[in-house]
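What follows is a set of structures to go through.
There are two complexes below, and they share chain A, which is joined by chain B in the first and by chain C in the second.
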Partner chain A sequence: MDAILLQLLNGLDKGSAYALIALGLTLIFGTLGVVNFAHGAIFMIGSFCAVTLSKIFALSHKAAEPSGKDFLGNPKYDDVLYITEWFGEDIGNWMIDWSVPLAILFAIPIMLLIGYIMERGLIKHFYKRPHADQILVTFGLAIVLQEVIKYFYGANPIPTASPEALRGSFDFGVLIGFEPNAIIYPVWRLVYFAFSALIIGAVFAFLQFTTFGMVVRAGMADRETVGLLGINIDKRFTIMFGIAAAVAGLAGVMYAPINSPNYHMGMDFLVLSFVVVVVGGMGSLPGAVLAGFLLGIVESFASMNEIKAIIPGIDQIIIYVVAIVILLTRPRGLMGRKGVMEE
Partner chain B sequence: MSIFNPTRRGLIQTGVVAGAGLALPTYLRADAHSGFTNAPTGDTVTLGFNVPQTGPYADEGADELRAFQLAVEHLNGEGDGGMLQTFSSKALEGNGIMGKKVQYVSGDTQTKSDAARASAKSMIEKDGAIMISGGSSSGVAVAVQGLCQEAGVIFMAGLTHSNDTTGKDKKANGFRHFFNAYMSAAALAPVLKQLYGEDRAAYHLTADYTWGWTQQESIQAATEALGWSTVNDVRTPLAATDFSSYIAPVLNSGADVLILNHYGGNMVNSLTNAVQFGLRDKQVNGKNFEIVVPLYSELMARGAGENITGIVGSQNWDWKLENEKGARYAGTNAFVQSFGEKYGFPPSQAAQTCYAQTLLYADAVARGGSFNPCAVGEALAGFEFDGLGNGPTLYRADDHQCFKDVVVVRGKENPENEYDLVEIVEVTPAEQVTYPTDHPMFAGGDLGECNPGA
Partner chain C sequence: MLGLEKRDTLLLIVVACLVTFAPILLNPFPADSSMAQFNAGYPDLMQRFVIFGIFAIGFNILFGLTGYLSFGHAAFLGVGSYSAVWMMKLLTMNVIPAIALSVIVAGLFSVLIGYVSLRRSGIYFSILTLAFAQMSFNLAYSVLTPITNGETGLQITLNDPRILDGAGAPSYPNLFGAQMNEATTLFFGGWSFTFSVGYYLCAVIMLISFYLAIRIFRSPFGMMLRAVKSNQQRMNYTGLNTKPYTLAAFVISGMYAGLAGGLLASMDPLAGAERMQWTASGEVVLMTILGGAGTLIGPVLGAGFIKYFENIFSKINKATLEGWFAFMPDGIEEFFVAIIYPFVGKGWHLTLGLLFMMVVIFLPGGLVEGGQRIGKMFRRRDRKSSDAELSAAQQRQVPPAE
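For the complex of A and B:
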């Protein structure tokens, strides 16, 4: 039972990342009708926002006096951090420790800007082109973005720690009546799950309860009529592209302590996220979230030794098997609407 | 009447024949008279360095390329000479190889077997490379080694750790300086016994490809010989990035040691996940839970950050070896000095093995008195040498594997900088990691005959 609950938690955690990325993909597809293969790269750039802020906080100058010798026997000068000089030891060290959560504030304007530039500079020229063209151009963009990141940060993963207070693991089992140490789960992964739920809730609330969101939803349902009412729907959709980029970027920022960011991480998530979108139903926001969590949980259970003993290798194909079954039984996905991607 | 009376058909026939001739690989035409592929005819000789320049091991590839460039400089008599000064063989004089200036071309393996073969093929056929070296993956090494055997050039393997490279996939034209999975296990076993005792239950997570399989087989055999039991061996997909689903079952499996037969990004992520799940703070069977990473890489240790602290593993070489373990490892400081002065940081083990391989090739040519790969192979086979940083070393004739001491390391508690992530726990003597040629883990292969090509 404890093993099942552990995998359920794992599934929810994996599903959080899938759902956040798929949510952004669906927002873009639902509003602009663009199949954005660069969305995984945006997630990756979000992670590198956390890396960048850590590096900014680690900027230093050399001490005036040598403290010893370096590996070649030359005088070695210690690094003196600017941040501790400017803000004092306590605040400086606190900022370094909490650099990942602080990177959320750093990443929001950057991701909005990147989203805006991507949409205005490139993607808007492909609105009326076939989906194949959109896929090609956004996939190319993704490769360019990851090569740019590799040029500046190298190919190897860069460790990015969560705050000291949120490291280690938490005895989750005790909370629900299990023996101590039966269900131990990393604290930061629980934080990630809570953060994802918050972001998903905020996006739905924004679309549901604000005038802006109402117009966007109306535009998603009937763009032409909304335009005839004198509303500049294109401008709002561009803003939605920026918001979708910010959602994926924030998912990336908070993911940085889970797995050390590397330039390729976006591609690792991209294919799975597209499967999530298709299973959830193209253009359906609740479908994307539901499918994200569903596939995350299914994938986790398929990794259990007991399951793999019965069907070897099932952990590597289960998501695609589920996708095939769902698309055979519900061709529009779990919550897909009629007419979307069916022309 | 002219004797040259071209007709359209004649022109086409001549064109086709000439075109086919030009399209032939270089090793099948001009130098056929020399008796071997890409025999150097001018005053230069070209070496081909095939390293990952893109893909997940691009940083290791960059370090390998730095080492190759340094080796070429030293062979041509530039710079401070590096390990040429400490190398036991004195056949090299700093005037290139047999008086021919060394130049090089580089290719990108992308850490993909097909791309690596294509780039090695291009360097051999188009650039006239007479030797291919480099790489950071056993899959790539086995593939390129096979190609070099067919083409008739020498392959001096870079970072490849699978038993198969000099086991079932060994080739007469291929030579490996780097250690292998069996040696890692043999070196680690006594240290594991000393640190963690004889009564342990190990759980293996293994990368699902040739290197992972041989690494797991080797370390399982070595730990079971100590008295450890094996609770489970779970194969993980090479493309996996989040290992939480594989780590979670370890928690309540009864195992008290987790052995990560992972390398590169797999190792960074699985180790990070294992630490996140609190494995290192756990007590099982009345003992502290331990994690072992049989093959260490400094560049990957950097990726794992503080999670690597206290984790035991093995290396082919370490830049602190001579300072900490004495003059037996002569050459280390000379290499670190050259490399450090040129690039500003200490070399990785990938750099050291590639540098050593280049010198060993050049030296074999000089001693054999020929660039013919069969003469080079003869000079390398059974060659005993010293002064290249690893202590006394034998290039065994039977399988073209180097036998030398293996370094057992542990993640350092308080590293002074990003290049000082590991401490040397012990250096296991070569005799303890040497195995018979017919050892079952290396069975099934045959060196075959040396192929000079052409």
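For the complex of A and C:
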């Protein structure tokens, strides 16, 4: 029982990442009808926002130490972090420690901007082109973004630590009546899950309870009519593209401590999140979230030793097997709408 | 000739000439000159030109004619490589059985995958093929290690059985005794040209597959595939089942990929799982689009183009660049080197990505369409152009694929 619960929890953090990326993909697809292969690269850029912020915080300059001279009698220099100088010792160190959560604030404007530029500069010209062209051009864009990041940050993964307070693990089992040490779970993963639940909730609330969201939903249902009513739907869709990029970016920021950011992590996640979107049903937001968590959990169950003993290697392919079975039996995906991408 | 129209015969002859004289044509710079690094006439690279040409020709039969965008073709290449290496381990070092087996196995494998994937179309088809390919890649890396040798890759060893080979048989892939890495080098003034056995074997096979592709393009079967691309629904409504046609196209292109994989393994008896990764599938898509999907010569051009620049661009390092701009004043030199450096050497993929985006945005027909546009501009400017140019331009004009 505790083993099953542990796998369930293990599946949640990966599932959260899948769900967030798939949510963004579906937002873009549902609003603009564009298949965005560069979405994984946006996730990756989000991760590198966290890296960048911690690098910025680590900027320092040399300052002469007032008290001492070294043994040759030369004045002694110390590395002084700008951040401690500006904000004081305590706040500065706290900010360095909490650089990953702080990167959220840093990433939101950047990701919105990237999304906006991408849509206005490139994707806009591809609405009327076939899906194959959209796939190809965003695939090219993904390569470019990936290589740019590789040029500036190198090819090696960059470890990024979570705040010290959230670094340990946490005895989850005790809370729900298991023996101590039965279910040990890293705190950061719980934080990640809570964070993604928050984001997902926020996106749904935004679409459901605001006028802006209502217009967007109307546009998803019938773009032309909304346009005829005198609403500038294109502009709102552009903003939705930015929001989708921000969602993927934030997923990336918070994922940095779990998986050290490297330049090709976007591609790795992209393939899986496309599978997630297709399983959930193209264009269905709840479907994407559901499928994300579902596949994350299924994957973590498949990597249990007991199951691997029965079917070796199942953990490597389970997601694809599930996807193939679902696509063949329920062509529309779990919650796909009728008439979306059906040829 | 050979059941081809005049135009196609001409095209085939031109390609045959280019391929035959490639060792000379691709070595335009003397061996000891500073431009020698742009020479592409060494066997290893030329083999890759033609092998990936075969791969792209096959991919084009599926994507160019039917419009089904497969993102998993590298799986067939990988399967082909593995079966070829196994053949060389178990039976004989002769490449003929190895290549034959790789085509057959890849064909069977593609029947399986095609049958399932082709139940869906559009983006779903792309995702399904991608899922199958990633699955094969993951399996090759993990569970199938006894067959694929996992991360190390499958290699031939001295104590492999090789039932058909006698004691004195060559220990390198060969064609009835002629080893694949044998080569003759001709020196001609400052130039040196290398003619290798392996390259010419690949070249002959490539010409045969190119000929077959032309026949497929011009056949009623090819017309049927084009009809699938332009309006599959209408085909279905007229009471025609398109599935056998698309499946046949899928299997044919899978066999081409297997052939390419088998040739890769024959030139260098080694097969690794990374050949099946989805970036490898992406590469063949890039080649086909870059050259011009749906055209005959496009995929070959695209494959040559990408493989050439991959080799040459990635060789340029900072010192080379500094050498080129040495004639400039110091500050300006550094400026130029700093600007160009990210795009060459290790940054070659950045250039590739940018180029690919440019092609998709501005030139959806690829290099072939670019050539046609230039040809048209030329004709408009100079209406009384000679007949020879006209026929050359016409020969490039392949019937529109849509």
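The working rule: the second predicted complex is superposed on the first by the 326 of 343 C-alpha atoms of A that agree within 3 Å, B and C clash if a C-alpha of one lies under 4 Å from a C-alpha of the other, contacts with A are read in each partner's own complex, and residues count from 1 in each chain.
Operating definition for what follows: a contact is a pair of C-beta atoms (placed from the backbone, for glycine too) under 8 Å apart; a residue touches a chain by one contact, two chains touch by 3 or more.
In this text, all values refer to a predicted model and were calculated from it rather than measured experimentally.
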Partner chain in contact with A:Q316 - chain B first, chain C second, else both or neither: both
Which of chain B and chain C A:S300 touches, first, second, both or neither: first
Touched partner set for A:V144, first chain B, second chain C, both or neither: second
Contacts of A:G227 with chain B and chain C, given as first, second, both or neither: neither
Which superposed partner A:G201 touches (first chain B, second chain C, both, neither): neither
First (chain B), second (chain C), both or neither touched by A:P75: neither
Which superposed partner A:N156 touches (first chain B, second chain C, both, neither): first
Residues of chain A that lie at the interface with chain B and also at the interface with chain C: 316
Residues on chain C engaged by chain A in the complex (per definition of touch): 67, 69, 116, 119-124, 126-128, 130-132, 134-135, 138-139, 141-144, 232-233, 278-279, 282, 285, 289, 342, 347, 349-350, 352-354, 356-357, 360-361, 364
Complex contacts: residues of chain A adjacent to chain B: 2-3, 6-7, 10, 13-14, 71-72, 150, 154-159, 161, 167-169, 181-182, 184-186, 188-189, 258-260, 262, 264-265, 268, 299-300, 303-305, 308, 315-316
Complex contacts: residues of chain B adjacent to chain A: 54-59, 232, 234, 237, 239, 241-242, 244-246, 248-249, 251-252, 265, 268-269, 272-273, 276-278, 281-282, 299-300, 302-307, 319, 336-337, 340-341, 346, 419-420
In the complex, chain A residues that touch chain C: 35, 122, 125, 129, 131-133, 135-137, 139-144, 146-148, 151, 267, 271, 274-275, 278, 282, 312-313, 316-317, 320-321, 323-324, 327-328, 331, 341, 343
